[in-house]
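See structure below.
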């Protein structure tokens, strides 16, 4: 490395090298996340070693090992799962390479294995969705029948968004989750499952989808059943992708909890600071909001992904 | 008072969907005898053997082994009980070496591990006993069907069992091999082994067997001493009708042959393939039957395969109807009106899962191309015609070929090529496993086809058959065409044998 | 009666019927089909509708399997064709136009033709084992689909395109009609020409097939092309149904479902005899199973356990060996009610 | 034995040699291309990182040699990690009890599948697919979350590094090599092994030759089940966690490794050492990708496919050209 357009090089005289191990490319959200990291690195003049794990933890471990082998300055990665990182992180620590987690935490007991965690909190997202529901139906007296479209069984966002939501509505027996199935985070499955729900459930008031894609699929199913999404069935979802905002502006989604993939700039800043030896907070939350249809309509033109 | 039979079955019944293969058959096998099981194709011989060895479970009746009633659960148990079997279709593992095929399941071991060196050494010895000169560490499928049959025999014989069952072991062997096999059988018999022998060659049966049991249509016809029953009478017991004369058994006089002249349909000039057959010349005129004679492994099959494009020649030229032709594959050959009926019906011939009808029309259909399907009526007509002509049993065109008896499968294969109405018909061991009645029919058929102008290349291990049909005979030895003899009426099997032995032009 | 039960389609059909009836117990109006908004509406329609792409993919797979091969790349082909079509439509000036639609179809099917040809050449000409040959495209193809969509979901709004997978014609979902037409065409193609026989021959005994002069190379290559075309059509259907192309997830694991459908339909993975009707039934069994899971509310955590037991039960019922053993057990237990016949010895040889 | 026999047997090994040579060339190209690639540790890491795959692929080789297929391996691996983590962490069972138990469970599961396949004559594809569903499903019924393992004995296994000069290997890598050696001996020097080949050559013949077909078939699936469970144990050492989504798609990797190694999917022909090479090929492709380090997600897949393509086609061309 070195040379080239290295105008950003300061002090040490060689470009900062960051190794980033991404989970995979399983969704548009993830791709936006990848892109943001890559663009930010370019902008900050940082050499990025990028590796895609294709949803496999073992591939991520391999990638981190190879980063250590290549003696990068900082390692950043989005863990596929929370557990099972101690060994390889210890190796990184032994090689004096600081590690930053993005998007998801690890459950390691040894706090010294990573310097900072930057990203969203899936449980929090589920909670926000639940809170909105509680508020929306504060006045309602009868049962509120909720159907849930879960993410890929066993995946962290699915687990966490489910439990966060459940926590938020726990105290209120009127909220009944009458059906809950996995839609694998995809539109096609979301549509298929919703279609079955519409036939097997006599009364559905609310749909809670673990991501926008499933919600968008479900909307089509609802429309084909001759009902009005957003009116006959209220919809709350997570992610905040552009298509969902469009749907919101048409009144088809009632509430969307943002899960921001654009943490590239923050990550690069963090990497520079860590390399420079500055102290950084252990937990940095990405800037995430929640959107009502009005807010979404306003934000739609600037939405990047 | 005779001694107790080692193996006895009483009232055995075996039914397959739509067919009663065995119906109340009794059968006894005594130590120290060679016992022939006789019957037409589809009479139930192989089925009886499979019931005896536990491949099939009988639907009724009982098996008594050394005086005890038993239920033979499977071939493994049969083997453990001292019954060693060579089944009709070669049932060895083509991917394993010859040595392994001989020893698998009872490999010599040292410290719990297979002793490969000992295994190869002993296999080589055993194989040499039958005068086979083959590399025992080569995979079995690099050898011809005849060699494979011998390997199966070697395996069965070496088990040194109380009972040895041989289901048509000689169907592709030549005289010498048969002689050596009989020597081994006699030795075993003298040691007290009971041998069950199935063959459609009556001469062989009369030569080696002490007694015989005749089956007809799955029923027991009777049990006889070989001396008690003449050949003619035996045949009439087998087919259940009086025979006009021995002449019809196929042992009869040779057919009149008018020598053919004119343009050769096919002419091979120094045609060769490295490692398979040395350069040879051959021409076949329409209406001519050319026989190929030679010992096992002499290269007859391989010479024939070159004429069909089944293997690529790497030297010499082939002319078809005068024009030099390079056959790129069987498809080319078929397009030129050549048909090749392989000696190995199981691996190179039939598609077991398809029906008799489909197997019969397959070659014709392939030649027409997929866009011009034979109508179902046409298919049925072909199938029924040849089922009748060759007496294929069961006569149901929708039966799966896999379920047919060996001889009937062979007839299906023949029918497949006959309906393509070829100009040159290559028949490699076409009468393998076919009963004598049908054999005579087939020989007559071949002669008639030639009479009508078809050229025929006829390969058979049975020299008499070759002599009976051919106008000329090419003699092969060690992959070389050593002579071409005119079958002028004076040619005798002995002279052909002598030519083979001397390897010189006669 | 016996002739009916012996038919190859009897057991798959029986299984399907049992599954459907089981649903009735949980959802009383499961079999009800209404007309709503001019469309047929009901669970049975849904099963056919969502099963349509699987039927298509499994159809192509059947022919591949008949030749003794296997095609793992169908899932990627599904993704690629949907992605290409949606990309073309989304970039065109007139997304709702018929010309655009035809262009999209042409690009998608044309590409599939190419992909199938690559598979076919690898298998038939180069002699690579089918599972590996198609694994290459399975891995790379998913990447290509992502490359086309840039990893995002391409949403399109095109009424004619929507028609393929999500539209209705004569009150029926068009997808059902389309796949029915393809099934019919395939049946005609294989059974009223000699294609079926030749394929079965190649799969049943390749050596013998060569010796009877069947053009096995060409036939095998063509079968992979056909499979890719079916997959591409399925891909169009899937993406059209949701009006979006998802390069990441479209057709994920559909190859397993398709193979399962073929096998449930009674076609052996070893090649040879194949049954298109069986495959259709197999695909419907799988789709009904999913629908059953949704409608009777099996929690996602136990869905797979449930599926495992259903699949095994289905296979056992279909297995002649199992039925024979069951029947034998039945007669034996009935017999044991009287004391054992005092046969002197009835031991198993060498047991 | 004469020279001719030696030659024929050597000729049988040619595909294996070709694969090995291609593997070495791929490694050389990688070394020339990337800094730090040409090191012993990269080679050893191939073993360390793919130990569990190697073990699973050994089991798969047995199955494929009989002409069968085992789709359940990935799920059994996941179930093994899950059961280990669950028992050790949430029930406090000692690892020395848990590991044999898990191995037994895998073996029994495999045995059961083999038994069903043989006795009821159902195609292996479906039976093992059902096994896959069942094993994955059982994972989720234990927990949908991942369970991390903090047990000191597991962490010790995970972090132990056995030095080899300047380099090191993990105990798991050694275990995997041991399994390969054991598999080799069983396949090539015991009756069971030869019966496996015979079964793959022709099941009907094997039956008629009086070979213990049922025993062999169930044994083969039991071995595969055992190897999967052992692979799962090694994976727990590697990941220190149990998770229902571990090893998704591993069955395809294992089958690919076996087939790349020259084993025919139709059975009866192939080598265990080929499987070792196959695993190394897959691992090396992965390593090249990670050293490349600039590929976006989709290019990663495309390049993996392309490398696989080049490898397979070269392998075919070279082996096909010999006389």
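Just so it is clear, A, B, C and D label the chains in written order, and each chain counts residues from 1 on its own.
One rule holds for everything that comes next: contacts are C-beta pairs under 8 Å (C-beta built on N, C-alpha and C of every residue); 3 or more make two chains touch, one makes a residue touch a chain.
Predicted model, so just to flag it, every value in this text is computed and none were measured.
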Using each chain's Cα centroid, which is most distant from the centroid of subunit D? B
Roughly how many whole angstrom separate the Cα centroids of subunit A and subunit B? 71
The distance between the C-alpha centres of subunit A and subunit C, rounded to whole Å, is 34
Whole-Å gap separating subunit C and subunit D, where each centre is the average of the chain's CA atoms: 29
Touching two or more other chains, which residues of subunit C qualify? 146, 151, 300-301, 303
Hey, what residues on subunit B touch two or more of the other chains? 76, 78, 80
Two or more partner chains touched - positions in subunit A: 25, 31, 34, 153
Touching pairs among all chains present in the structure: A-C, A-D, B-C, B-D, C-D
Parts of subunit A lying in touch with subunit D, wherever the complex brings them together: 19, 22, 24-25, 31, 34, 38, 48-52, 54-59, 61-63, 65-66, 69-70, 80-87, 90, 107-109, 152-155, 158-159
So in the complex, which bits of subunit A are touching subunit C? 25-28, 30-32, 34-35, 150, 153, 179-182, 184-188, 191-193, 195-197, 199-200, 213, 216-217, 220, 224-226, 243, 305
Going by the contact rule set out above, which residues of subunit D touch subunit A in the complex? 35-36, 39, 41-42, 45, 49, 52, 139-140, 144-150, 155, 158-159, 235, 238-241, 243-249, 286-287, 289-291, 293-298, 300-301
What part of subunit C is in contact with subunit A in the complex they form? 26-27, 30, 36-37, 39, 41-43, 46, 50, 146, 150-153, 155, 166, 238, 241-244, 246, 248-250, 252, 290-291, 293-297, 299-301, 303
State the interface residues of subunit D toward subunit C in the complex, per the touch definition above. 71, 116, 119-123, 125-127, 129-134, 136-138, 140-141, 144, 252, 255-256, 259-260, 264-266, 297-306, 308-309, 312-313, 316-317, 320
